[in-house]
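The structure is given below, and queries will be raised subsequently.
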Amino acid sequence: MEHASAPRVTVWNEYRHEKAFPAVAALYPRGIHEAIAAALRSAAGLEVGTATLDEPEHGLSAAVLESTDVLVWWGHMAHSEVSDEIVAKVRRRVLEGMGLIVLHSAHKSKIFKSLMGDTCSLRWREATDKERLWNVCPSHPISAGIGEYFELPIEEMYGEPFGIPTPDELIFISWFTGGEVFRSGATWRRGHGKIFYFRPGHETYPTFHEPTVQRIILNAVLWAAPSVRIPDVSPNVAPLEPLPADRDEASRFHVNSR
Amino acid sequence: MEHASAPRVTVWNEYRHEKAFPAVAALYPRGIHEAIAAALRSAAGLEVGTATLDEPEHGLSAAVLESTDVLVWWGHMAHSEVSDEIVAKVRRRVLEGMGLIVLHSAHKSKIFKSLMGDTCSLRWREATDKERLWNVCPSHPISAGIGEYFELPIEEMYGEPFGIPTPDELIFISWFTGGEVFRSGATWRRGHGKIFYFRPGHETYPTFHEPTVQRIILNAVLWAAPSVRIPDVSPNVAPLEPLPADRDEASRFHVNSR
Amino acid sequence: MEHASAPRVTVWNEYRHEKAFPAVAALYPRGIHEAIAAALRSAAGLEVGTATLDEPEHGLSAAVLESTDVLVWWGHMAHSEVSDEIVAKVRRRVLEGMGLIVLHSAHKSKIFKSLMGDTCSLRWREATDKERLWNVCPSHPISAGIGEYFELPIEEMYGEPFGIPTPDELIFISWFTGGEVFRSGATWRRGHGKIFYFRPGHETYPTFHEPTVQRIILNAVLWAAPSVRIPDVSPNVAPLEPLPADRDEASRFHVNSR
Amino acid sequence: MEHASAPRVTVWNEYRHEKAFPAVAALYPRGIHEAIAAALRSAAGLEVGTATLDEPEHGLSAAVLESTDVLVWWGHMAHSEVSDEIVAKVRRRVLEGMGLIVLHSAHKSKIFKSLMGDTCSLRWREATDKERLWNVCPSHPISAGIGEYFELPIEEMYGEPFGIPTPDELIFISWFTGGEVFRSGATWRRGHGKIFYFRPGHETYPTFHEPTVQRIILNAVLWAAPSVRIPDVSPNVAPLEPLPADRDEASRFHVNSR
């Protein structure tokens, strides 16, 4: 089953910091999800919805997941409040082909850890670091047109070692003023779904208003949009070629009789 | 912390088929785990224990896991009876560095799926197929000395597509009489642990009595034995280089003011 | 520099068997290159040219390479007659971003070996084998829509081990009647160019008239078409951040004075 | 053929800067090769020889290559003077299983480029940068025991993008004072040989006297030592299973007759 129409995107946000902290609300008055969604909506050919933690089913009902081609995920302080049942449904959709864009502190989200099978741990510091993201794969659709590097004047620091499986593709490596490095953009395939992790986006900085960051998220959404949807099956199948005639017990277990 | 002494191996087995089915008991009278453990014990320099599903904590107490360098896992009909809590403990030990050898139908075990982050699904058939395993990486320590291929005169068929992340290393590809192929030996690193999946080993066949199969499992155990043990941490760290002086709110959020 | 217009394809063929062997000429009266080019031309939005060994510069002048987005390569009996100078030019274009589709016996072409850095050797047999190609990555653009597998009723056999670096993506694995398996479709990135190797296509069989084979080559061409072109440079660059003040010889070499 | 005795190492050096520049001679009076060889010799169980550009056959006669398990390579100003014939012989030995450790400016050596199939280009600057190498794979035998990171107080800067194929394993990422990052330690398998690239080691700095650098090179040599040697062959093989009876021309070419 191939996908022809416009990719349908759902931007999921924990949406707690914005309500709890005036400094965050000043940056993202309608929430991080709306800042990202607005940037995506300005691109022709995308249908963009949003969902947040405190909605019923975290905004991720079966109907929403069914009609989502790419899910963008931001979370930080409330990973443990995301229900295991919803995580299992999202995971199943990714494995069928839904794209997943994992932003910043969502490295410790249940959904990312369950798809990576790893700790997803890292070093961190909230301070006055500048981050410079080097484009190490400039011909990749996610980073094409971004240039050799771009800078974020202030961001939270994430440092190596980052507890992830070897990425299929490594796209960005960050340099931080304080002396650390980080694999800031990386892709993996799980089942039939494409996953992109992108490091920047601490809630107290205006990162999601940066045009370069918005462009990368848009590029990633287009890259992750599936062309097929393939349910998970484990079929018991008939042979395609003739098998040896059935053998009696003695011959079947001949090795044991050595 | 480096590891100098003999690798300590625990062979885990579901140990249900052997008790329920006389044909299986005839092949593995003391259980699949004891057949594998006996083969491993014949290699100098290994300490080998066993554990099974119906023991308390499935035989995988904190003390056992603490003193296990490589865990070998066989399961089939009772994956769902393995407690989530024990799976979480095993997963944590793998991510700290414990090796894990996953055999045959354990492709659908909770522990393997949780480390792969994928469906681990496949096509299958229990019939009279012959399996020929081609050694596609003959310089790997797991397959060194095995030769170009080896054959199992009768085995359950597993066929592609196999729902796994791209292996770090692909070591065996199987040919089946009935017309299928399968990635039968593959490795991944998760956290600091090394994982090897090895396809053969249906309970109704004498596969684990085959010297070549025994040698591959031994090779894999030696390959997976860790040299370090590194707990999972997410440290908040001080900078290693001087940071820019702290900036006032106006400059921190300058991008937003554009 | 981004690429907006229709991908421009050049199909390169050794074009010797067709002239030397009537059986091959009967199958491909205008040459393998024209059979492939005709199939590609039927797809809207491609500009398709051809080039052959015995043309001046093997048909690959600077102007042709300059205006080629994706190069398709078939060769067999005359790899050694391809000039090293032309190979170097093709290699440079691939590293700048040109796509390269390598067919069948071109596994031993100079251009493929020079981009793989490996032997590219394999086992082989020209006999009456049937080949069944399993689609192990059905969500990849190259194999999307192909189904679970497809069969070629008679083909030359290529068997593992295949002397290639671990592919970035493994797409097809072949099963052969005679008992062998083969990684029949695989991708790599080299520089900014995307490379796809596709196994089928012996000159004495009508493989390139098969609609499924034609579709895979078309899919691969579209997948490999570049979005950027990036020349190879090794720039000597100024620092982006202040360096430590220059130090005198004594301090520079302080380690040596220990 | 398995390898049991002590790994035999040959350290190859261009050995020109040491003769031309007094500052380099002051650091490495007997040459970079002797500094590395001395460090390796202090490890029990290694046989260590050296070879240099200006010896006959660059010191790499058939007999030397035949008896070398791991080759360490440093070159910089005279890559083009290494004969293509010797490079072809070294390449063949690597593909048969010889380990290869490629140091610093040898990223542009003929042998490394021919095994990578890529540009191996990078950004660079010879200035007063400090380099901090982060250990991103601390359970790998090459970096086990190195700690979270180590620093070189002054080194030449190499920056991304680095024109290499995706490494099989990424071990070190460097941070430079001037604002760049670099994949400073990485492994690949080519044929049956294991390759490690390690960035540090500019000739005007005492890098090869650093104990941590010496330990990493030793670790890499032990990691790359082969257990097998497998010549490159492309055998024409008989089938292992019965083939369909031979078919006449009409049926062989049935697809064409559609």
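In this document, chain identifiers A, B, C and D correspond to the written order of the chains, with residue numbering beginning at 1 in each.
By our rule, a residue touches a chain if its C-beta (ideal position, glycine included) is under 8 Å from a C-beta of that chain, and two chains touch if they have at least 3 such contacts.
The structure displayed is predicted, hence computed values, not measured ones.
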By that same contact rule, can you tell me which chains touch subunit A and subunit B alike?
C, D
Considering only mean CA positions as chain centres, point out the chain farthest from subunit B.
C
Consider the two chain pairs C-D and B-C; indicate the one with the greater count of contacting C-beta pairs.
C-D
Provide the C-alpha centroid distance between subunit A and subunit C, rounded to the nearest whole angstrom.
31
Could you give the separation in Å between the centres of subunit B and subunit C, each centre being the mean of its C-alpha atoms?
35
Chain centre separation (subunit C, subunit D; CA means) in Å
26
Sites on subunit D at which at least two other chains make contact:
132, 137-138, 159, 166, 168-169, 177, 179-180, 189, 240-241
Seen from subunit B, its contact residues with subunit C in the complex are 132, 134-138, 148, 159-162, 166, 169-170, 173-176, 179-181, 183
Subunit D residues touching subunit B - in the complex, by the definition given at the top
2, 97, 132, 137-139, 141, 144-145, 168-169, 177, 189, 192-193, 226-228, 230, 240-241
Subunit B-touching residues of subunit A, taken from the complex the two chains share
23, 26-27, 95, 108, 114-119, 121-125, 127-130, 153-154, 157, 159, 163, 165-166, 168, 177-180, 188-191, 205-207, 209-210, 232-247, 249, 252-256, 258
